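A quick write-up on the structure given underneath.
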């Protein structure tokens, strides 16, 4: 049944704005005399819809836990006939609970399209509504209403389970208010991830709701300019108190035999507040020697990016653009009295721009993922790595977000 | 003509009774599981939330009827119908009282087992026609499970058949009203056969701990992953109808069906006995379902082939010997 | 064949699927990013031979929110509410981890009462987190429409009592923002300790019920015993920590081996198991529940009087400044060693130049390519659940 043809039945639309045939409506409406039954039927179906809102949980983060808590004993969404179905085909309401990232958004969109009409969307929590404090960051979608038609917003970080229930009741009221009215096509059109204007104006957005005062606008744009709301320099600060050592977590201390080992691997300087720098050529051999001495647990691999002229404060001068990659390994063993316990050995290597650090993945298997993450985010290359793919960002992402020359709010289209 | 009319009326009654009871059972299960979990369950629709299943059906009726673009439309549509029809068709031979039985077939037991196993084909059809990997895995699991559990199901159902010497369900119930419940006497083939039949029937109806074709946490929604609207409702109701009819058949085969004190003189009491026994078995299944986690598919098959099949073969043998050696069985 | 496959000590995570494809017709199944059992948004590509996994390729990053970039723009005192959202099942310990790193960098002393409060909060958070884990794990084993849900609901009921107690002190159900550099922001309310003790009694009395529904149940044991075996040496190499490492036979707990908070004043009993399978992980976590209940009581009894903050009494964005130094501080959270690596010298010295979180869940997930091959699809769900990954922490 085409849209052009005049029809007596209620037009139902799918996501793309195409009308679809509903077996029951269309059959009934085509029968003479039965159209008088439409109003009671509509009432019956609305009664069913409002009392049996099955949730398709699009739970990504913190709000997902409250979504679970809402189904649990204290709040018990089952009281109002709501329970969660794992497949989009059987959901009526998509509750987007949590931050939606650029990597996840196409999947959310697709799951939404897989849900059968009539369907509704609830944005639960400030991340789904607006992106929360991640909104200006590179991987986060600033609110799901940039790509989904949202019916109910539930504010909170995270909203209490009770708020979710209130939101569902609000949705039921909305469905009831639409009873008897012809259904209209959703705002969203086809074409995949085409961004629409968010229904909530962004802070500092020139198209922001003009009902806000000029002062508010000014404050908002000032906040948008300087990420650190109040620069430290402007504040009158009391001096930092000198505190007694002892209760403060101490940096790793190097046992004498470890100092010898590090010296044997070309380390000359042991700074008090930073890891010693190991020459790139001796780095793998040092790691191997440490593993043999019981430092078997991989703790971290941390890369940092330094632009030209900047440098690790303390022991190494700035110089050209470079990366510094810090490694930590731990011993394990039960502590008995003063004996035993876990000791941390840390060191770092300096990788010049365009260079690469030799991988540790062949020495200690856990370095595989850690180095992948650092390559992905900081852009430091690891030579000889068995599987150097991106870990966090989508495969087609360009750039390495934690580099210092990468703008924090560099959103990719279509999100900005 | 009168036989035809009688069959039609009984059929209508049975179908409606089974569907209505299934709906009430859905409500019961939601309330019961809620109480087990220190919740209250549906409260807002109708008294005590009794109308909740009807609201669900009304909702599902108004949902868009999606068919996967690359799926097989005919099989996709036929599968839920077949699943529900098979569950209901088995109810045709269930004797509710000595007189109320839609079709008193001479081979009633055979009919029940044969029709019941077609459900498996329906489930596999659904899994295959969905063109969805989760659904396909669910369908494959369903076949593996049915092929295994049909064997102990048939063998344990043979115990009452051998003992009573008839394949008619009414005949078996009548035999039990003259002797004792088969689950109680003779104890050795009777009680274990009842337990095995009950387990295999739970597995056939895909209830936890045997629900591997649906397995929400692994296969999203198993074979019903792609189903929406009324097609899903048919599967949903079909599952409950299957469980319910299975419980009715188990109570007819092993718990004496309508037989009980005073049932011979007051036929309506027989109906009460039958309903109570059936609902008790359904309650047991529900209780088990909300208490246990599910088996893995290989463990499920191991239980069947290593334990249930050998034991049920032995039980049929014992039943045959009992008939031969004990006088006055037939 | 299945048993033989399980015996493989260390499957090759870099297996070229083309080599296997020639012999068997494999099915590629994308588990996730939206799947009931992936505990958030996480994807594993499974190459299945029937139901047996030949190769597993995990894809995290669906919740990567760029927090480390955000932290470079925020000053030291502004970071606490951000890290709440990392390990959203245990925000208390997330807050503690980052604030302890800043304290080490800024050389701020924490008063004894604050350290006791932190210990109490950490242990209560561990109880809440392990309860949630036990519930969701049985949910993975038993499905959303069955026995798994029952234990899940019961665990959530108990977890709510702890959240209520936290709410009474901090005003929030789970993004508390109660820790700050140098101590805590909220002191206990009157009568709180007594309520905690009665809550602990309640949870302890119900633990045996949960045990009977979980690992004393025969089906539960069958589903978890011998499934997902991770040997201790591999676990160490992959940087796995916490209950998963202890279930693999490595006796390692930072609370005892590198004490922080007030753990040096008590004796922490560390639960270990040697099997390294899902069952062992369950047992270790349940033992930790018991131990945490004991520790909460111990800390409450020994709670000293005094100030709760050793830093400055006011809170200003640019309150603390430091331009040199790097620190790493790791603490034992419910999921293992959560560490914060801070390089000083950001914007005007008031914010870190680079901040990296060492997330225990990321290390736990990196075991999947080693553990999954040879398991079935059902096992995959059990194994993933037993690792207790929190995606907010994995992807950050």
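Every chain is named by a letter (A, B and C) in the order it is written, and numbering of its residues begins at 1.
Here, a contact is a pair of C-beta atoms (placed from the backbone, for glycine too) under 8 Å apart; a residue touches a chain by one contact, two chains touch by 3 or more.
Note that the structure is a prediction, hence the values are computed from the model and not measured.
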* In terms of CA centroid distance, which chain is the most far removed from subunit A? -> B
* **Result of counting contacting C-beta pairs for A-C and B-C, higher pair** => A-C
* Structure fact -> CA centroids of subunit B and subunit C: separation to the nearest Å works out as 43
* Structure fact -> Rounded to the nearest Å, the gap between Cα centres of subunit A and subunit C is 18
* Structure fact -> Residues of subunit C that touch two or more other chains sit at 35-36, 144, 153-154, 157
* Which residues does subunit B have that touch at least 2 chains other than itself? -> 37-39, 216, 220
* Structure fact -> subunit A touches at least 2 other chains through residues 72-73, 86
* Structure fact -> subunit B contacts subunit C in the complex at 33, 36-39, 133-134, 137, 141, 208-209, 211-212, 214-220, 289-299
* Along subunit C, where are the residues that touch subunit A in the complex? -> 13-14, 33-36, 40-41, 60-70, 72-75, 82, 85, 88-89, 100-101, 103-104, 106-110, 115, 132, 136, 144, 152-154, 156-157, 159-160, 173-175, 233-234, 236-241, 250-252, 254, 256-260, 270, 310, 312, 314, 316-321, 323-330, 337, 339, 341, 343-345, 347-351, 353-354, 356, 358, 362-363, 366, 370, 391-392, 395
* Asked: Which of the residues in subunit C end up touching subunit B in this complex?
  -> 2, 27, 29, 35-37, 51, 138-150, 153-154, 157, 213, 217, 219-220, 222-223, 376-381
* Structure fact -> In the complex, subunit A touches subunit C at residues 58-62, 64-66, 68-69, 72-74, 84, 86, 98-99, 101, 103-104, 107-108, 111, 133-134, 137-140, 157-158, 160, 227-235, 237-238, 240-241, 243-252, 273-275, 296-300, 302, 304-305, 312-314, 326, 328, 332-335, 340-342, 344, 346, 364-366, 368-370, 373, 377, 386-387, 390-394, 401-402, 408
* To do: Spell out the part of subunit B that touches subunit A in their complex, as residue ranges.
  => 30, 34, 37-45, 49, 52, 54-66, 216, 220-221, 224-229, 232
